[in-house]
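Okay, so subunit A shows up in both of these, paired with subunit B first and subunit C after.
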Partner chain A sequence: MKRVDLKIVLLGKEYGGKTSLLERYLYDHFHGDLPYQNTIGAAFGAKKIQLDDKQITMGIWDTAGSERYEAMSKIYYRGAKAAIVCYDLTDSSSFERVKFWVDELKKFEEDCMIYLCGTKKDLVQEDRQCRKIDYHTTTDYADEIGANLFETSSKTGECVRELFTQIAMDFVNKYVPSSKEKNEDLILESPGKKSTFCCSS
Partner chain B sequence: MATASCKSLEDSETARESEEETEIPKDFEPGASSESILISIDLYEEVENSPGSVYEDVSYRRRKSTICELERSAGKRVLAEEQVETSKSFDDKSQDGQLKAEIGHDESIRIKNSPNVEPIRIEMESIQMSSDEEKHEIIETAEDIHNPEWKQHSKHIFILSEAGKPIYSRFGSEDKLVTLMGVMQALVSIVQDNGDVIRSIHAGDHKFVFLVRLPLILVAVANTNASAPQLVVQLNCVYNLILSVLTSTQLCSIFEQRRNYDLRRLLGGAEKFLDNLVDTMDSDPSFLLVAVRCLPLTSAIRDTISQSIVQYCSKVKNVVFAILVAKNQLVTIVRMKKYSLHPSDLHLVMNLVNSSDSFKAAESWTPICLPKFDSSGFLHAHVSYLDDNCPACLLLLTVDKNLFFTLQECRRKIVERLHRYNCLEAINASLESEGYSVSEVGLPDLRHFIYKSKSAAQFTEPRLEAPYVSNEDQSNLFGLYQYLHHRMYNSARPLKILFYVGQKEIMLSWHMAGFELYAAFEPMVTKFTAVNTMNKLVRWIKKEEDRLFIMNAPTI
Partner chain C sequence: MSSKSEPAHRFRRANLLHIPESDLLCKNGCGFYGNPAWQGYCSKCHKELYQKSKHSNVPELKSKYSRRSPSQTSGESPDSSFLTFSKFEEKKRHQSEKRAKTIKSIIKRTSTFKEAAAHSGWKEQRHMSFESQKVNRDFGEFLKTLREPAAQDVKKHIHVLIDRVQKYTDRSIDEASELIQDFYQAVGERFETHPAFQGASPDQVEQLMNFTEKYLMTRLYKVLFGQISTEDEEKDLAIQKRIRSLNWVTAEHLGSDIDDKHPEVRDLIDKAITDIIEMDSKRAPQDKLSCIVRCSQNIFNILHVCHGGPASADEFLPALVFIVLKANPPLLQSNIKYITQFSNPSRLMSGEGGYYFTNLCCAVAFIENLTAESLNLSQDEFNRYLSGEAVPPGGYEQNAFLCEGLRLMYQNLAALSDLRQRHDKLMAEALSLREDMNKFKDTITKEVDLVLAKTPLIIQPYKIPPDIDLKVLPSVIREHVLQDRASSTWPTDVLLTEATLVDIENDQIAGQQAVEDSGCPLSASDIFIKQASSLKPKPEKVTHVLLEPSTTGTVETFHKVGEYSLDLGEFPHSHFVQM
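So, the complex of A and B:
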């Protein structure tokens, strides 16, 4: 059995739901009743995941969204194999920050796979008026930059596990030499322009 | 005010007499040890006697950087990368002319001239205001300031930029205080134009205290017992907090590039650090005394804890400080040889841990600047609680930003060893007992005291018990301590001993070469008994010093 380390970084505007997303994934809980606690610097969490014969240890960096840390963000995303760039579906300005982070990653971490993640989906399902970011705008953008797109809710857990599993699978396909035939590898290694629309309803 | 209705007895005669009675050696100092973990300084003498330091320019700090020195000694390259990153341009999208326009609304500023308010006294470093200028009364503006609740707060803290742009206010929204802050900026700059520095304005019970630390201006407005120098010390703490999140390098370069920058953008999420700091300063003697409160522990346990940290941290290069704190009390500090921590820096670290629960959820890796250590750059802190069931938080500070995983492992081993030697239980037991009761001292007239060892920069106090149970009684007592402290440090007439008859208690304070002691007594106690009690008290503290203070200063 092979052990592999996968570094993932969560980026996005403050109050965007990054910490909640990670806590849902790691501990399967959501503390919506507790007051919002902004992350300071970055928090680190790890989780093991089993894919076929491979055990992958994800090291996940949950960064603080405050602009103050922008200048130091490299410490956290350097060498990341995947970045989850979060935006709050109920806050239009949060998508502007997505563009900032995507540009930054394209510039400094070319090889980092990008996953766009619209958070707090339960809120927009409850009240359609709450949605401030048009779904098609985000899919168009995801296609343009060659990123995957997910819409998640940390409250209900919708799509959260799927997001991280997808990252792990993409990582394995891209970096971990498969014991199977070579040509399959080649197909998988070609940069996927396709977006995955998980749970789009 | 309490002071008006109390008779205070104090003269140098009594002072000399009492000192003889105490028979305490001149250099007696319970809590002191040959080497101190903290740097001992006298901030109040600084504030009182060298006004120049009130108006210091941060740029001097660029001359030498402790962090660079550390990095060089570790054979590392200088933080070149970060330096470039921090100096990248901060463009300000907000409207430039906004402030001017608002000040232009003359109608919104009214100057009230009510004859029954005491005239304002403006204290400056050299210039005395001429009498006709004294007639200007409290300046009021519309909006928030007319809100009675806003006015009721006994202390306000404001931060504004040199250009007068609001950065922080403890109460109310900064946006609504644009005009008020504009006035504050104007006051500062008018005095500055005359080549002077404004320090404070006194109007009735209110003090307006200014601290100019360009590119920032800090203002405290209070009608509490806090004296003007004490408020300056508080403002200094607030200023240091800003540096701790931004560094002086970043702060200066931002405003060099854009005088009108809205700093609130960079302080997002830090407001709660500021709020927490501003609030605790009104009840926590740490800030008043510029000293640190230690968690009482037997010296055996404390040494085990320190040794555990030393054992694993010494294997890691570049750990500058390892700090263990529990509920605002210091458990231990392990430091790199040659480097000591300033109590103010430690206050900021404790404030950071206290103001946020987010460290409880996961281990964190965060940049932090310790301004007294080196205001020009960041250290990197690995922050984690020891255990879900133990509210002690361990901070491992380093100059190496790539050390996270090494420190994670180091921390794991430390915690393992602490478990093995039952240190967590000992910490929890001490926290649960909430310190000690004044009755343990066995002096019946004594209600409460605060003792500071000057060279150790540490203090001790028993827990607050009856009659200091309600918030109001507790804050009255703290107000008395502030008052005593102020009288003792009064620059014109520093005192050695002060016997003060309050409305509900008798207060005594006593300064010796090595310590400061402030105590509250039953209201009917005689001067003779009180002085005798103080004498016995310091001997009790001496007996307990191993438990109450950190006497060892382990290094790595």
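So, the complex of A and C:
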């Protein structure tokens, strides 16, 4: 079995729900549920998932979102294969900051796949008034930068697993040459790769 | 060498040792100072020269290398590469021992040239260090679990590499890094594809990779780290100085809510600081990384104590910056560079160690580029604090906590004030208790007085059953009874059954005659008897000693009238009269 490491960075404004997202995915619980948890910190998490014949170890890196550490963020996403840029659906300023990170990523880490992630969806569902960021604005932006868009709720767990699974699948399709193709997408991709390989050799 | 203060510093040193300044300058005349270890050039000129000669004249260089191999040079007078090397080690030791450049260390350091000159063939005398021995053992043990050809193969490759690196100390650190990184890659591929390793499970391969790295780097540590710490000495000192000048920064400035006065937090901060300082003493990159991880875990513990729930990166990074500022770890830049260049790259890209190492790099970058803005201070304030002109409020106290003696003093002061408080409380309570007791006494006295005033003691005639056997009566009352009997006619049935005399032990009284008595020395019943005898008995109102007021005056039943002793010789025992 092949083992692959995948580095994912979480970017986003502070208190924008990055940590909750990570916690929901890693331990499947929500911060607000219990007053005390066993986990003392959720800044880094590793999770293994199985895709076809490959075992992928996802290392998920939380980053400090405060503006004073902005200049340092490129140290974090060096070598990252995927970045989840979080924004708070109830906070319009958080989406402005998304643009900053996306630009940075495009500039310094071209190969990094970008995933936009709107958080705190449960709040928006409870009260429509809470939504400060228009869905269509975000989808337009996502199309423009070629990113996937997810709206998640760490409280209910909505879309969280899907987001990470999607990242893992995209990663496998993009970076890991597969020996036995089961996935349709892979069949489409690999002949192309192989042919270029043959030509060059 | 590039900083402006450095030449001035050296000038002072030069005067001290009476070496003309011109001798110290780079032979190239670039204005920087030269070094005998670099053939009298400054580091940059030497590097350039070396690069040039390397490109233009490879065979010559090769002969230079062979000349420098330890087996040949051991008997000869030491050449420059030796000096460089022993100097590295000396320097490194000095830096870990003393952070500041003291005169002592300067003299000592320069004297090593002479020492090294006298001390040729050091390599033969060098024994394997404690760390190397340990890792050698561990590695050997692990290799035993592998199959023979595999173990042999790994061993052979590693030793070839160690020899290569150790022989050519002239190699730049980047080249050495490249060599070792290539080795990691080659070995990693070999473990996966080579037939000798076919039977190994993925876990075993991973372990093998770890051990290879650990063994290799422990053995090569002195050579490589010495070189790094010499080249990056300036940077190390710069960051050290920078951190020292920022010693006034509090957790608040960094936007962190660490409460460093809390004793539990203080302990954890100490632990975190110890861990990060310990990093310098470890050899293998993974050991250094595990120090960082331990430090980080302590930081999470700190954050957990400070504000409950789990901490996120938003809180972690400021806390790490704070710890780095307080710890001022030795040779920070060199350690970071060493880890970056000689660690297995996959270790830094994934896993906890890599994550926290990245955070450390961030923290260091943040400290280097720290501005007034990033601490939410005005430029003026920031400059004043930085120059030491002013101390931020509470800053002095906070730093005092880092000094063991002062901290002990503060702890004791806290304990003393606590004791004092408790003592004060005790005193206050004792006083109030006294007051309460006095009050209680007063009230009781008052109440007793009141009761006494309300119900004056009225002694009523003593009543004697008419048909009582005189023999059982104490002699004191006997004559009284006789008198009574003589003077009045008693109703025969009055309280006859109620009156009982108990506890007559002395039989002698039975024979005694009743005698008139009017003044017996009894304490409680004294008055009673006296008064009783003086009063005329009123049969219908006969009663006894009153303990409680009886307003009706009718016959009442008392359970216990009193206890009195008849202290007359014949009756030594107390008598209980129950009616």
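By definition in this document, the second predicted complex is superposed on the first by the 169 of 201 C-alpha atoms of A that agree within 3 Å, B and C clash if a C-alpha of one lies under 4 Å from a C-alpha of the other, contacts with A are read in each partner's own complex, and residues count from 1 in each chain.
Throughout what follows, a residue touches a chain if its C-beta (ideal position, glycine included) is under 8 Å from a C-beta of that chain, and two chains touch if they have at least 3 such contacts.
Since we're looking at a predicted model, the values are computed, not measured.
K.L.:
In the superposed arrangement, which partner chain does A:Lys7 touch: subunit B (first), subunit C (second), both, or neither?
P.N.:
Touch status of A:Lys7: second partner only.
K.L.:
When the two structures are overlaid on chain A, which partner does A:Gly79 contact: first (subunit B), second (subunit C), both, or neither?
P.N.:
second
K.L.:
Which partner chains sit in contact with A:Asp62 here, subunit B, subunit C, both or neither? Use first/second/both/neither.
P.N.:
It touches subunit B and subunit C both.
K.L.:
Now for A:Asp52: first (subunit B), second (subunit C), both, or neither, which partner does it touch?
P.N.:
The answer is neither, since A:Asp52 touches no partner chain.
K.L.:
Tell me which touches more residues of subunit A here: subunit C or subunit B.
P.N.:
After superposition, C is the partner touching more of subunit A.
K.L.:
Per the contact definition in the header, classify A:Lys18: touching subunit B only (first), subunit C only (second), both, or neither.
P.N.:
Touch partner of A:Lys18: subunit C, not subunit B.
K.L.:
Once the complexes are superposed, what residues of subunit A are shared between the subunit B interface and the subunit C interface?
P.N.:
14, 19, 23, 37, 39-44, 62, 64, 66, 68-69, 71-72, 75-76
K.L.:
Sort out for me which residues of subunit A touch subunit C in the complex.
P.N.:
It comes out as residues 1, 3, 5-7, 10, 14-15, 18-19, 23, 31, 35-37, 39-44, 46, 57, 59, 61-66, 68-69, 71-72, 75-76, 78-79.
K.L.:
Okay, in this complex, where on subunit B does subunit A touch?
P.N.:
The contact residues of subunit B facing subunit A are 81-82, 85-86, 88, 245-246, 250, 265-270, 352, 356-359, 361-367, 378, 380-381, 383, 401-402, 404, 408.
K.L.:
Quick one: which bits of subunit C touch subunit A in the complex? Just the residue numbers, please.
P.N.:
Per the stated touch rule, the residues are 202, 255, 297, 300-301, 303-304, 308-314, 316-318, 346, 349-352, 354-356, 358-359, 361-362, 365-366, 369, 373-374.
K.L.:
Spell out the residues on subunit A that touch subunit B in their complex, using ranges where they run on.
P.N.:
Touching subunit B: residues 14, 19, 23, 34, 37-45, 62, 64, 66-69, 71-72, 74-76 of subunit A.
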